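Got a structure here, written out as structure tokens. Questions coming.
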Amino acid sequence: MANSRFEYVKQFEHDKYLLPNTWIVIRIDGRGFSKLCAKYGFEKPNDRRAVDLMNAAAKAVVTELPDITIAYGVSDEYSFVLHKSCTLFERRSSKLITTISSTFTAYYVHLWSSYFPDTPLSSPLPSFDGRAVCYPSVQNLRDYMSWRQVDCHINNLYNTTFWSLIQLGGMEAKDAEKFLAVSAHPSRKSPKLIGMQPTLSADKNEILFSKFKINYNNEPEVFRKGTVVFRDYELVEPAGQRVADAVDNLAEPVQQSKTQEETDKKRRAKARVVVDHLDIIKDDFWDRRPWLLSNKPGKVPKQT
Amino acid sequence: MANSRFEYVKQFEHDKYLLPNTWIVIRIDGRGFSKLCAKYGFEKPNDRRAVDLMNAAAKAVVTELPDITIAYGVSDEYSFVLHKSCTLFERRSSKLITTISSTFTAYYVHLWSSYFPDTPLSSPLPSFDGRAVCYPSVQNLRDYMSWRQVDCHINNLYNTTFWSLIQLGGMEAKDAEKFLAVSAHPSRKSPKLIGMQPTLSADKNEILFSKFKINYNNEPEVFRKGTVVFRDYELVEPAGQRVADAVDNLAEPVQQSKTQEETDKKRRAKARVVVDHLDIIKDDFWDRRPWLLSNKPGKVPKQT
Amino acid sequence: MANSRFEYVKQFEHDKYLLPNTWIVIRIDGRGFSKLCAKYGFEKPNDRRAVDLMNAAAKAVVTELPDITIAYGVSDEYSFVLHKSCTLFERRSSKLITTISSTFTAYYVHLWSSYFPDTPLSSPLPSFDGRAVCYPSVQNLRDYMSWRQVDCHINNLYNTTFWSLIQLGGMEAKDAEKFLAVSAHPSRKSPKLIGMQPTLSADKNEILFSKFKINYNNEPEVFRKGTVVFRDYELVEPAGQRVADAVDNLAEPVQQSKTQEETDKKRRAKARVVVDHLDIIKDDFWDRRPWLLSNKPGKVPKQT
Amino acid sequence: MANSRFEYVKQFEHDKYLLPNTWIVIRIDGRGFSKLCAKYGFEKPNDRRAVDLMNAAAKAVVTELPDITIAYGVSDEYSFVLHKSCTLFERRSSKLITTISSTFTAYYVHLWSSYFPDTPLSSPLPSFDGRAVCYPSVQNLRDYMSWRQVDCHINNLYNTTFWSLIQLGGMEAKDAEKFLAVSAHPSRKSPKLIGMQPTLSADKNEILFSKFKINYNNEPEVFRKGTVVFRDYELVEPAGQRVADAVDNLAEPVQQSKTQEETDKKRRAKARVVVDHLDIIKDDFWDRRPWLLSNKPGKVPKQT
């Protein structure tokens, strides 16, 4: 029963449903964060308060949406992973990406004053765009996560060296850029360098150490590895490829009894959402936390 | 040049580009706002502070994104219209809907304390999902806008009557629902009523007046008509269908000289973004504001 | 009621619905037709039998699917236009493009022996791929049609000159290519020329006339203009932009009485499907045949 | 370099790329085949010539497109499976579905006279629509194939009984329908029965045997099991779930040496394309033919 003759316009609306049985990654990115960094005087190459704020917002999002199994963040971006059996919002792309972008933004703005108590926000406010990508296999998903962590490493090493040359070495930004362009591959985050042909693939670690006595491996892990957020349970003994195989073999969402569903839900609610800086490229991270791939909550550890 | 062997995962990402030369409407909706209303004690049937906050956030979004030509809001939803010649973000759906949802959310959370100074926000924070719909012709766009305003009217008349029966008439919610179900058509906003067969299509205006001496037409326009937000210029003499025809005839974004573009940009920046409660169903609204359809800024009125 | 536990796989299927109120163009293209030309010894630059076969297949498709208002073909491609109010197959993209590709192929193969009685078909058989594009306004649609006809002109002029140089001038293909590359812009159909910088934008008409006494304008219209297929009614006096405006103003499929629908259907069935070679870029073609844009059948001319 | 000012219309065209690393199933369906059956007097419940023609066309399609690993057909439908590593046409949906629909149609029309020598085709010609669906895991793919084969069984058992009641039992169609409606579940192919509540889930096998002494299991396999078409190599000893696991673990198309690619291509070309009627639901079929899932050609058997 139409309320009015205008209601035909609803026919122009068509949802995009993400392919079932695939991992959904929703990546959000800060809009115009270079300007924002300058406006609020973020420290270079990394501002700990800004990173902590990103992580606090991500933790709130993961806590609020139990469908998210793991999130990984670096710089002004965060990737949220929904299990391949997830049916949240019937897997409608628009609902998923706007809900996560909006919820993240809400916490980022709300928590700002806790991390920047002396720097009130003003227009234009920080905001985040987002997109969804589907990955069919566990390997695809892990490769995606590895891609982001490798990117974190490449960018942070570059930025650490770049800003050392400026802050400790007294170089001009332009000169530091040129200096690094001929000694190392530029990363995707340095679009200005595109077109410059690096003639030497030298060691930025070496520059840092020889010039500034900085051992890159002693830099804080939060900057070198980025941040991973997930529900924590008791670690298990690695069982090799078995979990990944079992998960890849899944064809449709497991039909659970209501009781089992309730038990799972309670366990998830009890689990602590941790914020940590770990190597997510190696198998060990995934092997010892089978719940990340299986979506079956583990054993809640005794909290002290 | 790939940074790592993981970079192949980028191939799984495919953007959806919205059809060129169509009007883009991005509608955002508050998530779980029934709970939120209860949690923060919003007044019924309408909470003026909540509506003003929605409108303030929408005004900020329209101000920040000059590609938006007009916005219309009611209750916890807002529709933002991008001109059919808009090429923002290359018309990528994900970028558009997440940017607008996120920016709106940022202002909503940031401005909350101005409208609810005594009611601090707490988890879960308010958030908004969003979607994009394309409309090919001016008529389709206007019918969309009319659809939303008719919906506003139907819902507000229903809610005003419903809450009068409770607040002034001392009825229980259940009884008021039943009373109205048999006297009027339920709107899409009252899912509980689905299935109830209203046996009488009576006059809610009549109920309001006879029982409570309320003349519905004297209710505030902000509640009866919703809110429209747009850049304001000097009103013009209506020229009938000509503007709509000219706009429908447009085949591709008008190629303007850089000078013209700069002039337009400056005019848009100078224009006041107004927040008003007008009838957007009748021709008059559109005829006297040709810039809304043509996207050519009008004459900036002298401000006093 | 599922027939079997396997039926969940149906959930992986999602149709794409083409935006309502837009013109749908379905363009089909011969697959590997360069090889096919060689295999069956098509004449160069144009084989009349092959063109006639394409046109016969297109005529059969237009006759069989009354939703097609007009079709335009050149070389091994054909574009079929569905009116913007068309609701065939609920505008599902897959159904539309496969039905038209398949139906065209069926007639092409079936009619082959009428046009090539001495050259039986053999594997691999001719086949056609297809795609759908939506155009929101009459101007967009006409610009699409014009684009194809301009392309026809550019390619045919090039090919006529190219093959004259070879067939009449005794040049090698390689030399003719180079000769034209420096004297004229290559068209999109000559990918081999990409990268060659034509240094002179000379006149191929001039080459044809001075070298071979060929007046290009005397070449057959079927090759110079391509082919247009449509239902024919009595021509009308041009009414200028009015029809296009009226059609652009349409917001949704016109609701007609059953009687009117039946009358229209009968008229369409009576109309002769014509195959002609006309200028479809100029207004005159469209102005005198308003039914092509309005989708309202005209007056059926007396047939002699 | 645009050939003309009309070329902007190309921007309205956007391809849909099917998600990488997923199995692509393209299913084609005869259009209006009930009418076609009547027109050409197909035998009921199955016309062997018509089925053989379908299978011959499918065999030609599989032979012509080596990217197809297996096809399954029943009645007037055929499903073609592309391996999850397939990159044909960059996985563009439109190209894939139209190419397969068109190629199938070409062979169906071309081969018609071999199977129906006394029944020449006439307008409207047979045609086939098509669609693509992606399946992420081996299990999803196998469940899809099983779904079709179960459907074949259900429909054929129903049709065999239905037509026996008519042809051997002398019933009217209407009465046979009612008789079966109360004794067995209707299949998706009998839309007329929707709404009828079968009150007894009786045994059609029993009806066939008791009434007509027909043992359903002695009916021809081509009707009971449908038809499977694939490249044949030497059968291997089943290795259990290992092949499926390995294939599910694949993250991207295997990078092979040119030599290996050439070897594979030659082997595929040498392989016989078989047309058979086998149980594809059980593991055995897949376990003994690992090339179907792995896409690595097996050992070409000595042909006698």
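Note that the chains take the letters A, B, C and D in the order they are written out, and that residue 1 is the start of every chain.
The definition used in the following text is that a contact is a pair of C-beta atoms (placed from the backbone, for glycine too) under 8 Å apart; a residue touches a chain by one contact, two chains touch by 3 or more.
This one's a predicted model, so the numbers in the text were calculated from it and none came from an experiment.
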Same vs different contact residues, subunit A with subunit B, by half of numbers used: same
Contact-richer chain pair [A-D vs C-D]: C-D
Centre-of-Cα separation between subunit D and subunit A, whole angstrom: 43
Rounded Å distance, subunit C centre to subunit D centre (Cα mean): 32
Numbers and ranges of subunit C residues touching at least 2 other chains: 8, 12, 16, 19-21, 134-135, 140, 143, 251-252
Contacting residues of subunit B [partner subunit A, same complex]: 1, 3-4, 6-10, 12-13, 15-16, 28, 31, 60, 63-64, 93-95, 97-99, 101-110, 121, 123-135, 140, 143-144, 146-147, 150-151, 154, 185, 187-188
Residues of subunit D defined as touching subunit A within the complex: 19-22, 84, 134-140, 143, 241, 244-245, 248-252
Touching residues (chain side subunit D, partner subunit B) in the complex: 8, 11-12, 14, 16-17, 19-21, 251-252
